[in-house]
Each structure stands twice: as structure tokens, then as C-alpha cells.
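Some notes on the structure that comes next.
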Amino acid sequence: MSARHGDDPGALIVIDMINTYEHKDAEQLLPSVREVVPVITDLLAAARGSGAPVIYVNDNFGQWRSHHGELVEAAMAGPHADLVGPVRPDDDSLFVVKARHSIFYETPLTYLLWELGVRKVTLCGQVTEQCVLYSALDAHIRHLDVTVVADAVAHIHPHLAEAALEMMRINLGARITNGKDIGFGGGVATS
Amino acid sequence: MSARHGDDPGALIVIDMINTYEHKDAEQLLPSVREVVPVITDLLAAARGSGAPVIYVNDNFGQWRSHHGELVEAAMAGPHADLVGPVRPDDDSLFVVKARHSIFYETPLTYLLWELGVRKVTLCGQVTEQCVLYSALDAHIRHLDVTVVADAVAHIHPHLAEAALEMMRINLGARITNGKDIGFGGGVATS
Amino acid sequence: MSARHGDDPGALIVIDMINTYEHKDAEQLLPSVREVVPVITDLLAAARGSGAPVIYVNDNFGQWRSHHGELVEAAMAGPHADLVGPVRPDDDSLFVVKARHSIFYETPLTYLLWELGVRKVTLCGQVTEQCVLYSALDAHIRHLDVTVVADAVAHIHPHLAEAALEMMRINLGARITNGKDIGFGGGVATS
Amino acid sequence: MSARHGDDPGALIVIDMINTYEHKDAEQLLPSVREVVPVITDLLAAARGSGAPVIYVNDNFGQWRSHHGELVEAAMAGPHADLVGPVRPDDDSLFVVKARHSIFYETPLTYLLWELGVRKVTLCGQVTEQCVLYSALDAHIRHLDVTVVADAVAHIHPHLAEAALEMMRINLGARITNGKDIGFGGGVATS
């Protein structure tokens, strides 16, 4: 795959960052989110600057009212707007809601990537040892070329996050890299 | 299945009725849509009155910006707002976007129905010999109990619509009925 | 798609022809099967001669014992071995079992075609207005280029089969052609 | 889920144990396989004795020739027949081939479990931190009740296997237990 796609920067996928952080693991998760928000902010700026597709895939948190657009508003009205504001979608962003778990499970993401002609995805967001891991698996199984930005994915349990990154690298063929090493304007430099 | 679900009215599924009618087959489709809009309007009133779930599943028409809620607005701003207004979602409606074709293909509808505990769906909308047929197939394959409201589904080609209804009845185990025979408040009377 | 794949003959997909014909619609189906068996026999010879992949996708008829290989044996031991023998798999054939309905639903066919590098499928077998129609839909939704061999697909209800072929042609972008017009050795001539 | 399914022993799922062990990680995997084979052998005896469904889900290793039944023969003819013989399918076993990764991905397993009325699965086989983890995720996402038999799943990397078991327990709601604590005849005792 790598050979075929070369330096194509692919699409930047932002996972579950539109969040009120009111779920039960939020306290354990927040310190890690605070660290990744600036990195994701930079990734967004780079991707937007280069014209790469930016796709948010986000839990729906309850009701399915895709006609309301209330997801971002709810997160911005929550207690952690400071963690949502810098990474929220702009007018050009694509936005897909997911039920839970993988970004591909019962979502149109496969179709959307096909429509865009994109075969490479760069993952950031949360949670490393849960949705990010499951999404990397589902991307790999669909023959997509996967990059995971290690300092732009937030975790709950550090030792499981570390294991998840190793699983993605050795078992799912993902490239694990850091935000500063990704040049959306001129290809991807892998660590 | 029928025995198990008895008179459970299930969920009313409204397919592709949020529409600007600007696609190439629109002229052929519009006369049929004009006939079904009043029937769907009545179905919506009955379902809402009885507390049955109402789920819109609608083509996305282009971009995936589920954070914007622009789909209904675009349809209401189009040349056929008279066909959209009476059947548009209210605040309690659920709304799922689909890529194309079946209401189940790469959508969270299976998950949403599971979450609601619903095993029976009543289909209305458009196009009988396309999305409605494909959706009935995908509902049947998922072991859901399917009712199709014959006078609440719009077609492009009358002879193909007739064949599609017969296929749904004899090959997909669907009940084919009319709007006046469905009592969302007190079970479903089938023709 | 057509432009990209040009005269690539693709894979020949033989649907549900390994059959004991003991199901309830068998009597209505058999006359049509008798007509298509010679055409499928010729298609198989042409595809095998040209080295095109031949993939059987067949209902499993009950138990899932893919380690036993009993499906062909059971069909050959049944009352209609004359309809099975000429079209049975040889040592090079690929063979995928399906649960029911579409050749893609919960089968590895998408993966298998990807592995083979095949983006075009030519469908023959049974039943035109059921599995063949559902399979054409699922192939189309997966962006495969679909050809249906009209005189190599068997039906139960002639008027539904005719409608199904028209649906596949105008709504699912399938090429409808006849066996004599397919040249597996030198591309596909469409009617 | 647990409450609903109580002591229902569910189906025993044997993952990827029909194997020639010729792949690149085999040397690292074999010591662990040697330890789990006796436990799986006991689980098989218990499940068979109690009448619980036993379902093998196995990589296909190359060609798709489900009509040949050559998978078991090939494994028995390989250099590690001693690891295959004790755990091979008997005449009552169900057997499903998978493309790779999860036992659910493009396989009829969901359908088969539905047909059997089984909502609980007990997983054993290989590799803990790969197919077993992916399969537990896909079972969880399908609302199945999952038990993983810790001493009946084989690993390549012990630290990743440990992390995978923890992920399955805390993030995927799986019960992690040992072979001696499972009573297929009289419900499941969890550790």
C-alpha cells in the first residue's frame, strides 16, 4: 500500500473530539486530552492549509437528529468548551456521526473516502486504546493506508494506550508518527 | 416474525422525502410524490399521536456535514417546498443520513432500531422500485418485520413499482397495505 | 467504471446453481433452469478457456460445514443431477457459500474480488428476480461493473424477471447481454 | 446482557486452530499453542457433551474452495498435526471460513448465531492480541455476550496478550475466565 500511495497526505480524521466530557471515564481522560488538543489544532491548520480533506467522525451521544446540528453546540455549551473550540469543524469540514466504537461501523465513511478518492487516512483524537484502535483495525481490513499521530491521540490508561499503539504498528501495518513529522503540505514524513 | 410482533406498530420510516427534486428523474417522479404527500402527512400525524418512533432516512445530497443541519433548509428553499413542508421532521423525529440506495447501507439504522427495541418497520417515501425495494430487502435480511404502505410510496415507472410491490410481498415477506388501514394508535390492520 | 475497465472480462459468478431443487418454488423454476443450463455451460467453458476467474456463490442449504465439501455431493445425489453436473465446479473454481439472498451479504466475496484485482462481475444463475437482482444491487453499491447474462439467469415468475432485468439496466447501471455476445477470450461485447 | 443470558453456556467458538503453522510468526506462537491445545480439547469435550453448538471459524489460507473441504486435510498433513488433531472438527461441528482478522468480518457468523438462537459466545483459539481481540470487539458491537477463556487463547507477544485481555475485560465487557471454571453442562462460572 505504502508504495502505491507514497507521499499522498490522505485525509485527516478527527475522532470523538466534539465531546461534553461528562461520561464516567472523563476525569481519567481529560489530562491526556489537554495535551493532544494543541497538536490536533496544528494538524487541522496544516491539513486545511494544504487542502487535504478533514473529516470529523464523532459519537452521536444519544439521539439521532442529524437535521439539527446540535452536537457541536452541545459540546461548546458544556464545561470543557476550551477543549472543543480549538478543534471544532469549520465550514469546509466533513462530519460523520457514528453509533459507537469504530469510525467505520454503520457509518458512510467507506463511501465518503471512496467518493473523495482517498486511500490513506491519518488518525487523531480519542481514545487511543478504544476507538482509535478499533478504527485502525477497520481501516486496515478495508485496505486503507493508516497513519496514527501518537501525540495527537488521547488515552485513559497509559499502559493500554502504549500496547494499542504497538498493536497498530506491528499487527495492523499502521505508521506511528508525531504531529511535527507530518507535512500535509508536502507529504508525510514517518518516524 | 409476524406472530412475535403482533400488533406492535413499529417505527414509521420516511425515505428520501427531504428533497429538492432537482435530479434527472424528478419530472417523472413529481406527479406520484404529489399523490403520496397527503397520505404520508396522515401517517406522520398518526405515528406522532401514538408515540411511535418516526425515523427519517434521507439521501445526503452531496456533502457530509452532519453538524450543519442544512438538508431540511435546502429542501425548504427549493422549488418544491410544498412537497417538503407537510412531511418535514419535527423536534422529536429521528433523522439518519444515507449515502445512497438502501436505508441500511452504511447507516446506523440497525443500531438505532436495536436501541429503540423496534423489530418492525413501516416504510413510506420514495422511490418504490428503487430505495423502497432495496430497503425492504435489507430489512428482511436483518429479520425485521416489514410493512410497506402502497399509497404512501412514490414511483418513477408505474410498471416497475407494481413489480417491486409484488416482489416485496411474495419474495421478501412484506405486508403491503394502505395508509387508511394502518392504526398507529391501535396496531396495524393489513390488507 | 466502464471506461476504466474497458474490455476486461472480469469474473464469471455462478449463483445458486448447486441445488437439489427441493424447495417450494422448484416446480415453477425448473423449466427456466433447463433453458439456462446449456448457456451457463458455454459461459463456463469460455471463462475457463480464457483464464477468467470462475466463482460459485451458493446457498448453503442448512448447516455450515465448510470443512465437509458436501454441497456438491448432495446436489449430485439429488433428483436433478442432470442440471447440476454440466455446471458444477472444477478444481480451479472458487466457491463461496452464502447465507441467503445476495452473493455479498455476509460472504467474503468483496474481499475475494479485491484479492483477485477484479472490479467487474458477470452474473449468471438463479433466481433472476431474487438473488440475481439483490446481487446486482450489492455489486453496484460496491462500485463494481456489472453484466447480467439475460439468457443465463433462471426465473420463477417471467413478468417479475423482466421487471428485474429492466431495474438492473436502468437503475443499477448493469449491462444486460446474452451468452453468445460475451467473449471471455477477447473482451465483452454488449448488446 | 449478562442478566438476560444468565447461565446460558452459549456457543463455543474455536478460532484459527486449523493451521499449518507455516506463517512468519509461527515460531513465536507455537509454545503458547502447545499450552492451550489441552485446554481447548477439554472445552470441546465439555461443549460436545452438553450439546452446546461448537463453531470453528478459521482463516482460509489462500484459495476459496469451500466445496473441497481441504482445509483440515492440509493442516493434518502439515508439520504440526499434533496440534491440530486433538482440536479438529467432528461431524457435528459447524465450520465457517473467514478472510482474515475478525470472525465476523464478511462471514455468515452473525446469521448462523441468529439461526441457532445463540446470543452468547465463548471464545478460544488464537491469536489473543489479534483475531481474538478483534472478534471480541465485533461480538460486543453486535450486542453478544462474550466470554474469553484466558488459558485457551494463544499469543505471540505476552505483554500484548495481557493488554488485550484487559481491554476485552474493561472496554468490551467480556468475561475473562479459565477453562476449568466453564461448565458447559451447567452454566458458566466466571472468575
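Should a chain be cited, it is by its letter among A, B, C and D, assigned in written order, with residues numbered from 1 in that chain.
Criterion: a contact is a pair of C-beta atoms (placed from the backbone, for glycine too) under 8 Å apart; a residue touches a chain by one contact, two chains touch by 3 or more.
Being a predicted model, the structure only gives us computed values, none of them experimental.
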Checklist entry - Which chain's centre, taken as the mean of its Cα atoms, is farthest from the centre of chain A? => result C
Item to check | Separation of chain A from chain C, taking each centre as the mean of its C-alpha atoms, in whole Å | outcome: 40
Checklist outcome for this item: Taking each chain's mean CA coordinate, chain C and chain D are separated, in whole Å, by 33
Next on the checklist: I need the residues of chain D touching at least two other chains; which ones are they?
Outcome noted: 100
Item to check | All touching chain pairs, where touch follows the definition stated at the start | outcome: A-B, A-D, B-C, C-D
Checklist entry - For the complex, which residues does chain A have touching chain B? => result 18, 55-56, 60, 63-72, 89, 93-100, 106-112
Checklist outcome for this item: Per the touch rule above, chain D residues touching chain A in the complex are 100-102, 105, 129-130, 133-134, 137, 140-141, 157, 159-160, 163-164, 166-167, 170-171
